[in-house]
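Have a look at these structures, which come just after this line.
Each of the next two complexes has subunit A plus one more chain, namely subunit B in the first and subunit C in the second.
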Partner chain A sequence: MKNFEIQGLNFKFLVVYVLCSVLCALPFKAFPLTAEEVVKKSQEAFFYQGKDSKARVLMKLISKSGQERVRELTMLRKNYGASGGEQKYFMYFYQPVDVKDMTFMVYKYPAKDDDRWLFVPAINMVRRIAAQDKSSSFVGSDFTYEDVSGRDIEDDNHTLTKEEKLDAKDCYVIKSAPKAQDVDYAYKLSWIDKGTFLPLKEEYYDKKGELYKVFSADEIKDVKGFPTITKRAMKNLSSGHRTEVTYVKADYNIGIEDSLFSERFLKQPPKKWIE
Partner chain B sequence: MSKIRSTEQRAQNTDRGSRTSQCQLPVIWCLSILLSVFFSLTAEAADVSLHGFVQGNYSVNTDTSNPDSGDFKWGEERFQIKLEASKGSARLFLKTNIFYDHINELDGVELKEGFVDFAAEKWDARIGRQIITWGLGDLIFINDIYPKDYEAFFSGRPLEYLKKGVDALKIGLYPAFASLELIVIPIFEPNNFPDPKRFHMFDPMPTVINRREVEPSVKIDNTEIALRAYRDVAGFDGSIYFYRGFHRQPSMLPDSMTMPVKITLFYPDLSVYGASLQGRALDGVLSLEAGYYDSRQDRDGKDPMIPNSQTKYLIGYQRQLWEDFTIGFQYFGEYMHDYSEYRKNLPSGFPGEKRLHDLIALRLTQFLKHQTLRLSFFSFYSPTEDDYLLNPEIKYNFSDYLWAAAGANIFGGGEEWNQFGQMDKNDNIYTQIRYEF
Partner chain C sequence: MKKFSLVHFSVEHPRLIVFLTIIITFAFLTQFPKVRTDTNPKNMLPATSDVRVWNDEVEKTFSLYEDMIVVGIVNEKGILNKDTLGKVHEITNEILKLKGVAARDVNSFPTITNVTAESGALKVAPLMAQVPETDGEIAALQKMLFENPLFINRIISKDGKTTAIYVPLEKGSNGKEIADEIKKILSKETGDEKYYVAGDPVARDTFGAEMFKLMAIFAPIAGGVMLLVRYLMFRDLFLSITLMMDAMISIVCSMGLLIGLGYPIHIMSSMAPVFLMAIATDSMHIFNEFYFRYREKKDKKTAIIETMRAVSRPVRNTALATAVGFGVLLFMNIIPVKVFGGLVAFGTIVLRILSFSFIPAMFTFVKDEQIEKIAHTEDIGSDKTSRFLQKLASIGTHSPKKTVIVGLVFFTIAIAGITKMKVNNNLVEWFKKDSDVRIADTVINRSLGGTSMAYVVATAQEDDFIKTPEAMRYIEGLQQHLEKLSVVGKTTSVVDYVKRINRVLHDDDPKYDVVPETKEMIGQYIFLFSMSAKPADLDNVVDYPFKRANIWVQLKTWDAQAMREVIKAMDKYKIAHPVTMEFKPSGIAYFNLVWNDEVLWDMVMGFILALIAVFAILAVDFRSVKWAVVGYTPLLFTILLIYGVVGFIGKDFDMPISVLSCLSLGMAVDFAIHFVSRLRQRMTETQGAEALSDALLWTAARPGKGIMRNAVLFAASFAVMMFAPLTPYITVGAFIVSMMMLSAVMTIIYLPALIMLLKGWLFKGGTR
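Our next item is the complex of A and B:
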């Protein structure tokens, strides 16, 4: 009886021990991520870091012949809900001079069209603008609106094609093919850093399967604990046009008020946010 | 667009030259007041930015010469300085133009805008000359009761010159339930209509050349008040509007209906009550706006010289069809109340207006070459009057600093007294070139 009890105790102990080991091991065990999970984590790291963010952005639009045009803006973002959820964007333009003081606001919704407003200072007017085409160029650059604020995960079929090193960093290589014909590319390959989940490179292929556009993350810095792409470029191989983007300043969790995203502040942006 | 009623323009621009030179004194006066107010508030050095442009703007007839036999509708060089200074919660903004007008051979200074802003958490205020834009129409104005320069529009000047500044106080209040804008305008500013020396237009009493314009005098009773309240309404941007002031287009008062020798042009009392909604619908942006024009000096509609009360409404829809191509469609109607009284009292020989005047507007815009090249087409067509305006334009940005545009204004159709029909002989092509710094 005593023996049995000891045996029973031993048996229970064994069961608990095994269960504990399994439970404790779970977080550390590298179950392979699905392609969707990689893309989700990448979006979180790329478009949703922090509760909010602020960046002073310098865009250089460079033509094939080398002629440069400059767009300089402050971009403020606030998240509403979890990663992949609603966001609001507020942009204030410093350059070029003909759009100085222009502001632009986006309410971004998952799985439906965004709301967009533009403030035109010369006639002191705030207007909604039609925003159906997500693949439209952002201010004439090689980046699209989706490149700036992200694309719905459900809009593409994602597959993990391989895992390889890029610039000595382990990467997932994800192929994303749009389910609908709503963008210019047939599919996109993304090299997503396993450490930071930031995209280090993206290749865009046209309907003939030819590579025509390349994104590269050229500098990554740590800002308040968030790895941030501070230099990036998009090159259009067929037109020879390219856009280089530098985050002159970046910050996170700065307490942007909900009221910022309003007609009042589109017309008169608070100085503290655009300095 | 408020109807360009023939006649009235004539007297309005007769003293263009003297007006321009007269306006230089108030400009300097306004500037010095604004500067002193701003700098008295801001003891320390402020953040200052200075920008501006140099611009050439020319428009030439393609149909016939002007009434005064000239061939140019517009011809000027212009230098604009935009000064901005801010300190704490105060901001100063000045936009001043210096120009040389080749047609009238005169130079002048214009204060386009000049104001001081104060901002607090729950309110803000702007005092001085400012441009205010209300309502949703694209070149169609219902609740935007602020002064316009239609001559600028028909002469091929950049679109921003369609809006005139008003000397006003604007107070913004931002309680939780809605945002409010209160505008107080102590000094009346009329619309500017095309100069009859340059534009062929209809005049029902062309023989009466003795005309005098009387603007509402500056006194408490004549202070114009406008109020707008706006907020989100189920995902749409909703606004309600109120205005109490004057028609900005003059009415004619002949000294005799049978044998007139003198005409007084005056601005009748007007109140406007309106509302608008704008939001995402049908894969585009849908706009709805309406306004009731209460013509307070002719409420029973019996005075044929003063506009009757009207209801105006607008439906607009804008959609992006493919990359960088947008189409905008608008339908606008203005319905005259007490129409039978108007018909009964209309003097014989005067062309009568219809009970309903409507307009269809179409705008097509295509950007090309990384949005440096813009092709646009705008048209008005009135189904009730059968007259039209066509405005194709091409604009190219050579660099971040230099752009040029060329376009045409083509008018026609309808009767010689209709809004665009009367402009039939005024077709013109124009160019604008601007270097910004």
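Our next item is the complex of A and C:
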């Protein structure tokens, strides 16, 4: 078993290496990137790494006065199509203790409302959850669904406001202003690392023009050649509430079957994916 | 005899004294630019007080806001139409943009969380993200509203004519300023809708702003009236202005000291100038006597010295009594009460020093002819006022028994009235019935759950206990119990959310509108709810470890009494249904109850202490406990009578009234001191050559005129306050006017009666 994994890893590493070299070569093109291109690349690096992925996620929801709520889950994702395209998510909860065995599934479509299902073990029932605005909170945290699975590029007007260094890393600073008034913020500033295209920091400004929410990538690790944000935080400055997310484990290109994303497995998730 | 030399010195060096006085006053005046104000009643209690510590803890635990503005929107034709809903949508969006508004937690049609089952799917989303366009959409909205108990009486009235926008405020924002901004938004709207802005921060901050405006308008008007009345009494502008300056100097010095020491001006200390102006009228006695003496001696300096010799003792002692009456407040618990007491006591001492220096000095500047002219009218025999006073006094002097019996009858009635007195306080009722604040509050409280917010916090012994069906059912039962009270408009708790989810998960079957059977179900339902609702929805009603739950109790009135009822009902339920959870009240309504009670009882305690202290001073001053008892009687009587009337007319015994009791004591005792001192002085002067009844009549006519002038002056200036737009000021005005007149009349009629009746007891050697 162990042997196989190492072998697989080696092979995959090679593939990733090749891919990566191609990607790395891109910024050296003669003409500079447009704001849209930066955002597209950033989404690719942030939400669409690999064909699929698995992460054991620990979320700490911390109130202003320091009270904590914990969410612990395994998040499985599979891409259907290129960056910006369809994706399927499968989440299994370990914590809080009274929701153990609860599962949650999302079909994400570009330019269309998500489909979501939830399995409530206490009454052994799968319920479809109506999709609503994507800027609603993800499992009660300071992150929204969009923060977890990305926002359609076309929904915002993107402008490259400046390029500057953040923590000794060269960044593009992109201003994204939603075209419709469907979210809480008036605009967002993102510091996108020129090297990895991961967002290192995001600032959200409300309709009064005040900064009220800050995202930060606090730890970035290389996982199978994919730079992955393994620690991140979202802090709401007006409520004083914050959420800290740690990827305890992360993996890519693990061969998740299509059949996983079904009502049957929502009720009884395969052991291998939730260990 | 030190003071006496001060008078001599002042008369010999009047210019130096006036110059020094002005310099010192200016020194205090330089502190004025540093002035800070604080109108928040919260600061009546120190931040370390139990109730504030507990309320802060509750606010933190449940991410609550200290302050909330409620905007009521009424359309008599019903609000569920495209037009009105469009306005609600637009107004909400505008409010969200205001600075100081906690936008994330504003609750209104477009923002409030709605849990529904929609074509087989569970939906947790804002109720009205878009304004409905078609009749079908409006009908669907109507169905959602009236099927969800979380909405009824909160954002929609049962008759569908009223909705509300709940606007929580960030810490430290000014409720009146935000309310004004909201009113500006509302004023742009046209149509059938009527708008009302209510809530504690509106009432409180509007009151604060109005209060300062009133002090700025009414203090000068009161001063002006005093000036006018004085001029009419003495026909001498120069002396009237002198008296006015006397008051102003003491106000500047004491307020300067307060500001200089770094204290903010608080609701209570802002009343100090009016109090000092009132106390300053005591120097009237100096003027009164001066004119009489001048008529007798025809020499200004001699008249001044003799006047001061005659009145120094009563003036000094009334000052001492007043200073002590307010000074005892320094020993109370509540800081603004202490500051207020110290401030007025200090001002009183300044006034007295001025009486012995500045005023005699100013006398020397008056032209002799002028004094001659006025003094001419000051003659007991020919003066109408004096004759009238003599007549009054003769009632007591000649029929003492009847007078005392009539007094006893009044006394009994007064006691009956006092027993009827209700201790209550209502911040909103500090505004007049036709004021915006009060109308808004009345309208919203009539149709919705209520603008006054209280919380009942349940604390379990272990974490996660709130998720048990047992805890849920208990809280549900308590809510139902509280909702039976007429003052409670609505209660909301985590149980309501859980029941709602239970029902919605089971295809909106009303059978499932109950607490689920197992802890797992409850835990999972709450999690499900928290997955998509606003974080505040859950945070507001339950703490993180699920050890505590918060029941929101909306009250339909700001009466402190209402909160007392809630607490009583809560305790009763606990006794009838023992449980391992603890229940404690919290919230602004609870705070109002506590601070009102604390300030009120602090004032009552201060009052009792002052009564004792003043009695001691009287005893020392008269060198006789007996005379102190006699002098005390009219004072006590006046106070009893006024409170008796307060009880009979059904006015609540509230904070402003309790503050006044101290003033009444400090003022009313003055008259007795003057009367008794001068009577005894007269008797010594005449060496028993005059009958007691004649001495009494003389006292009533001469120092009695000073007493009457003092009372009239006082009453006239305070009568102005009866035209104020805030009821506490009207109360203060009416109270002082009646108190002054009553205690003056009491002194003139009742003291002679008592003295005649008790003469054998009072004069050991006997008298004629």
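One rule holds in what follows: the second predicted complex is superposed on the first by the 245 of 275 C-alpha atoms of A that agree within 3 Å, B and C clash if a C-alpha of one lies under 4 Å from a C-alpha of the other, contacts with A are read in each partner's own complex, and residues count from 1 in each chain.
What we mean here is this: a residue touches a chain if its C-beta (ideal position, glycine included) is under 8 Å from a C-beta of that chain, and two chains touch if they have at least 3 such contacts.
Fair warning: this is a prediction, and the values are worked out from it, not measured in the lab.
Placing subunit B and subunit C on a common subunit A by superposition gives a clash between them.
Of the two partner chains placed by the overlay, only subunit C lies in contact with A:Ser238; subunit B stays clear of it.
In the superposition on chain A, A:Asn124 contacts subunit B only, with no contact to subunit C.
Of the two partner chains placed by the overlay, only subunit C lies in contact with A:Met102; subunit B stays clear of it.
In the superposed model, A:Ser135 makes contact with subunit B only, not with subunit C.
When both complexes are overlaid on chain A, the residue A:Arg69 reaches subunit B and subunit C alike. Touch criterion met: A:Asp206 reaches subunit C, while subunit B stays clear of it.
When both structures are laid over each other on chain A, subunit C collides with subunit B only at 314-322; the other stretches in 224-232, 314-322 or 350-358 stay clear. Within subunit A, the residues touching subunit B in one complex and subunit C in the other are 63, 67, 69, 96, 98, 122-123, 125, 128-130, 132-133, 136-137, 139-140, 241. Those residues of subunit A whose C-beta lies close enough to touch subunit B in the complex are 61, 63, 67, 69-70, 95-98, 100, 113, 115, 122-125, 128-133, 135-137, 139-141, 241, 259, 262-264, 268, 270-271.
On the side of subunit C, the complex with subunit A involves touching residues 60-61, 63, 96-99, 102-104, 118, 120-126, 129, 170, 464, 467, 505, 516, 518-521, 523-525, 527-528, 530-536, 538-539, 543-545. Contact residues on subunit B toward subunit A in their complex (touch as defined above): 51, 53, 86, 91, 117, 119, 124, 130-133, 159-160, 162-163, 172, 174, 179, 230, 235, 237, 278-280, 283-285, 318-320, 322-324, 326, 367, 370-372, 397, 399-401, 403, 436-437. Subunit A makes touch with subunit C in their complex at residues 63-65, 67-69, 96, 98-99, 102, 104, 118, 120-123, 125, 127-130, 132-133, 136-140, 142, 184, 206-208, 236, 238-239, 241.
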